[in-house]
């Protein structure tokens, strides 16, 4: 039964391609190492060890004056509030754009290539998303700060625009990378796009979408810290000062606050996933 | 719904360039209310045929007409309306994990539900009795509120089939409905499908590996091999030789006697055709 | 490998609290080299039984011994070694999409490969001829370098089965090997599995929905219903009544006559048992 | 057929999800309060933003961007900065993807019975790496690695390791368990189960996370320039601060192109991977 | 106009600036008879834009920021007064590297300026370096912009960079307050004098208010306790009138360094 007349192939047809791509990757890596002056050993040079050791040593004791702590608490809230407000606006921007740009929900793409009209609509939404997110929030903020003066409005708007672009894109990718059989089956049986989204796509990726949103919120907190560097206020501005003045104790206290915020976001994310899973 | 497929050829977009097309020059007409079983060896193109009819895959050559209209020439909204009248149950039940059985079954009715109603149904299922009744006809009513990823293989398959009973479709395309079912459930499922399609006046095209079931229950049998029509006969006229030739292994010389001892076939019985 | 299951009960960890356990008080002994078919209605616990034997699921009550050892009492490395001698083919072929057929088949041999060799095999398959030969025995040699997500349902299933031929196992647990296969490929697959297990002296436990195939090819039939043993008999002694009772629908009063017209059963033939 | 009699139809209603649902209510209410409190406490000055005056000064500001500076010497500088930014972000992301993958394995519960002893400590480490913004990492590293792109690369790599490690771990935990369980039942060890069953399933996802992080990192690399870690950002901060609007426009255009390029590369790779 | 708004370039840390501004704002409030508000900024450019766009009424500018504001507003920024010290302001170059003795020794080292918009922290040091035959963009290994004078001191003291250039008055204050270890950090070069900081207003301000403002500044004297406190905080002996022509030199330096 198994005495085959066909001789087994002796060579894997994919082999040459693999060798080629591995070599190509190595060749590409080299100029990167040169351009970034990648010299890890300078980290271990005695003088740099001494400098960084000295700075890290100054982390202890943590700054814990009542006034300082009150200031940190105030600025932390400001940072969180900026991030939350920015995220809310970003979601308002991102959700419709995502639904418009997801390929899985395209009816014309159910079979073969997408029709011309929807393709260009999708493509233009994608480009809009690219433009929104390719300008760093820091730059948006610098622009807004110049135009309308200082304050959190600039920061919130900067976060909303950049994050709207990012959320729109990544939501789309999450939706497209999951199992799409169920959605396609619904569309093929004639359901509408939104129906297919709620009955096929969302249950498959709800957990991931939520945890990504929470993660982005956490990123927004970090961004609003960075925005503090250009005058949007909040923890970032304090961090900037303390960093510039090499005030290790203050830096360490604020780093701990960051970690606590991230741990909180993580907890929320895990809880939500559990509720949805 | 009438199906009219003329000289249809199709390839999977991802197939490697050298591969033979999955369907080659297939001509098939199915009239309103007919019940057809498609049989053929693995890889013959049965699933591809269903996908082509379901407008899920465009043709390379040839034409497809559903109720006299060429779906690929329709404007998009009309095509989607047309799709609302089709029901395709894939070989592997397309159930998102974590969804509950009741929601998965009610999803069959989506084309007939407004957006608002379908959203509401996510919070509280709109028509529990209908879902219950559909499941009950597949002996699965007790799993109504179970999650689909906590079902056994056969249970999952039946959830996929129960959807058909809720779909507002006039053409049912069912891919291997019995693969994971035991004989009793299989018989019940096929009876339910046939009766359901008949009640609704829906055309039914089913692929099957169970030749005896096909011969016994379906008035018309289509044999597919290597993407081409092997035969298209009333069940009563399908002979052992037809079947032997249909399922013959590819390397003929290697398996001399094998094709002839295809699983013991029941003697085909002429079947009264109701809806022809 | 000898299997000795005593009063075994098992529940799926995710099952809802009120649900009945998937296995209740099952006692089963299978000796070295035996070939057993497990049949039973959908949801009877066949898959669960295979999982329990494969040490993929701990027992709630009762004991499991494989070759005299209690797997769950073994230290982890010994359990891992024991598992290296098992092969479980799930109901849905466990093939990661985008993997190539050759890699998927060679994965069956992983327990016998060192880490380095298995890494290398990801770049260049280690033993193409062996994979080719295994596939050829399932009439699938031409798909050797195809990607598994570009196969038809039946082809995918056969890839999952071909793995067994490469596994260094002395116990094969195969869940519904024939569900997506046409009669000819099904016959070939079951012949190959039986012969393969016999050649290697491996014990073979298979769940099946094709009662005729089970009765014809397997010396011993185990009937499972609602997680408990319905019967455990040599194939020759399984009667129509046994089967009718096994597959009886749950709502007895509703389907009065149904259970009795279980698909036309072939007259069971006594089978020569080779390795008993 | 076997149609059941109406009299025998009984079905349970869905189990009352009261407690669970109320948890959800509480959570939603909390979320709403947070959002409202945020908007309220920040006293955002939309009026100022939407005023005619603001639109005018915005218009004036944007008008200053034209014409962008295209002096060859400056373009050369921008090209160099662009390349440095690209290299920094690419290498940083690559290092982070490797380190992230290495940390994601101990940080995830690979299958249901996995005790995963290393999970909590590894996740703590990942969280610590991630909670410190790149900018702060860069400022810290500038001290020991010296000014220049190396510090920036390391900063990106450290922060991104935390991010990717967690994302990878979650992707791994969410992968369909079927293929892995089949191999595990055969006694194959965790590492090889990962290579043969989990990785092929999650690879596109890991790649797309990595690629999207790369896009993020290009923007981050621009920010890093502000504290002295090289790249386009340093040019941007310098010229924007000095009101060289034409030059700023050129730099912003370069940034846009860079992100669009990465976007296209990411899209292309994803298509290649999911083909 | 109800509120009179004042800002200052952030050449030192914002907390320090706010501390310095407090008493002066109170004094101006009394003299002008209206509420005076101090608005902190963290970006030099933002303070320039603020005065040009009349978001504030008066700003404390460095020489270079004044030139920038004047250019951006089309010559509509008027310098009112400056400290006596600002007429001959100087910058210093400091180092913590024992091997560095002269400016030329900084070749191939990392050097930090203050903000790129700073006069005493960037523009003039750069201009004098060029005169000394050193091109910062080519001859130094890397150039960093710490953002503020005190941050430059911290960067040099920590060893992050080997050299730094900053405002002499901040340096002297750090030395006087013993906030810097002078055995480690030393001055290697002090620049010749030039005109620097001033208080500027927009030309659209009514002449009467302008007059009131400059009178208020000129009336400050170390003799009164209030005047002494303010002058000490501003590190000034007294305020003197100034005019736009004083800053021609800085403008020329900015143009030759192509910073404007």
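Some observations on this one:
Every chain is named by a letter (A, B, C, D and E) in the order it is written, and numbering of its residues begins at 1.
In this text, a contact is a pair of C-beta atoms (placed from the backbone, for glycine too) under 8 Å apart; a residue touches a chain by one contact, two chains touch by 3 or more.
Predicted model, so just to flag it, every value in this text is computed and none were measured.
Shared contact partners of chain A and chain E comprise D.
Note: the chain lying farthest from chain C is E, by mean C-alpha position. If you average the CA atoms of chain A and of chain D, the two centres end up 3 Å from each other. In terms of their C-alpha centroids, the spacing between chain B and chain D amounts to 43 Å. Centre-to-centre separation between chain C and chain E, using Cα means, comes to 82 Å.
In chain A, 1, 4, 6, 51, 55, 142, 146-147, 149, 229 are the positions where the chain touches two or more neighbouring chains simultaneously. For chain B, residues that reach two or more other chains under the stated contact definition are 14, 92, 188, 251, 255.
The set of chain D residues that touch two or more partner chains comprises 2, 4, 57, 143, 146, 148, 204, 240, 274.
Of all the residues in chain C, the ones that touch chain D in their complex are 13, 51, 54-56, 79-90, 92, 94-99, 103, 107-108, 110-111, 115, 118-119, 122, 167, 169, 249, 251, 253-255, 258.
Contact residues of chain A toward chain E in the complex are 47, 50-51, 54-55, 142, 145-147, 149-150, 229-231, 237, 240-241, 244-246.
Of all the residues in chain A, the ones that touch chain B in their complex are 1, 3-6, 107-108, 110-112, 115, 179, 181-182, 184-192, 194-196, 198-200, 203-204, 206, 276-277. The residues of chain B lying in touch with chain C in their complex are 12, 14-16, 39-43, 47, 91-92, 139, 142, 146-147, 150-155, 158, 175-176, 179-188, 209, 211-213, 243, 247-251, 255, 258-259, 261-264, 266. Those residues of chain A lying in contact with chain D across their complex are 29, 31-33, 35-39, 42-43, 48-49, 51-52, 55, 77-78, 80-82, 84-85, 88, 130-131, 133-139, 142-143, 146-149, 151-153, 156-157, 162, 166, 169-170, 173, 177, 207-208, 211, 215, 222, 225-226, 229, 239, 243, 255, 258-259, 261-263, 266, 272, 275.
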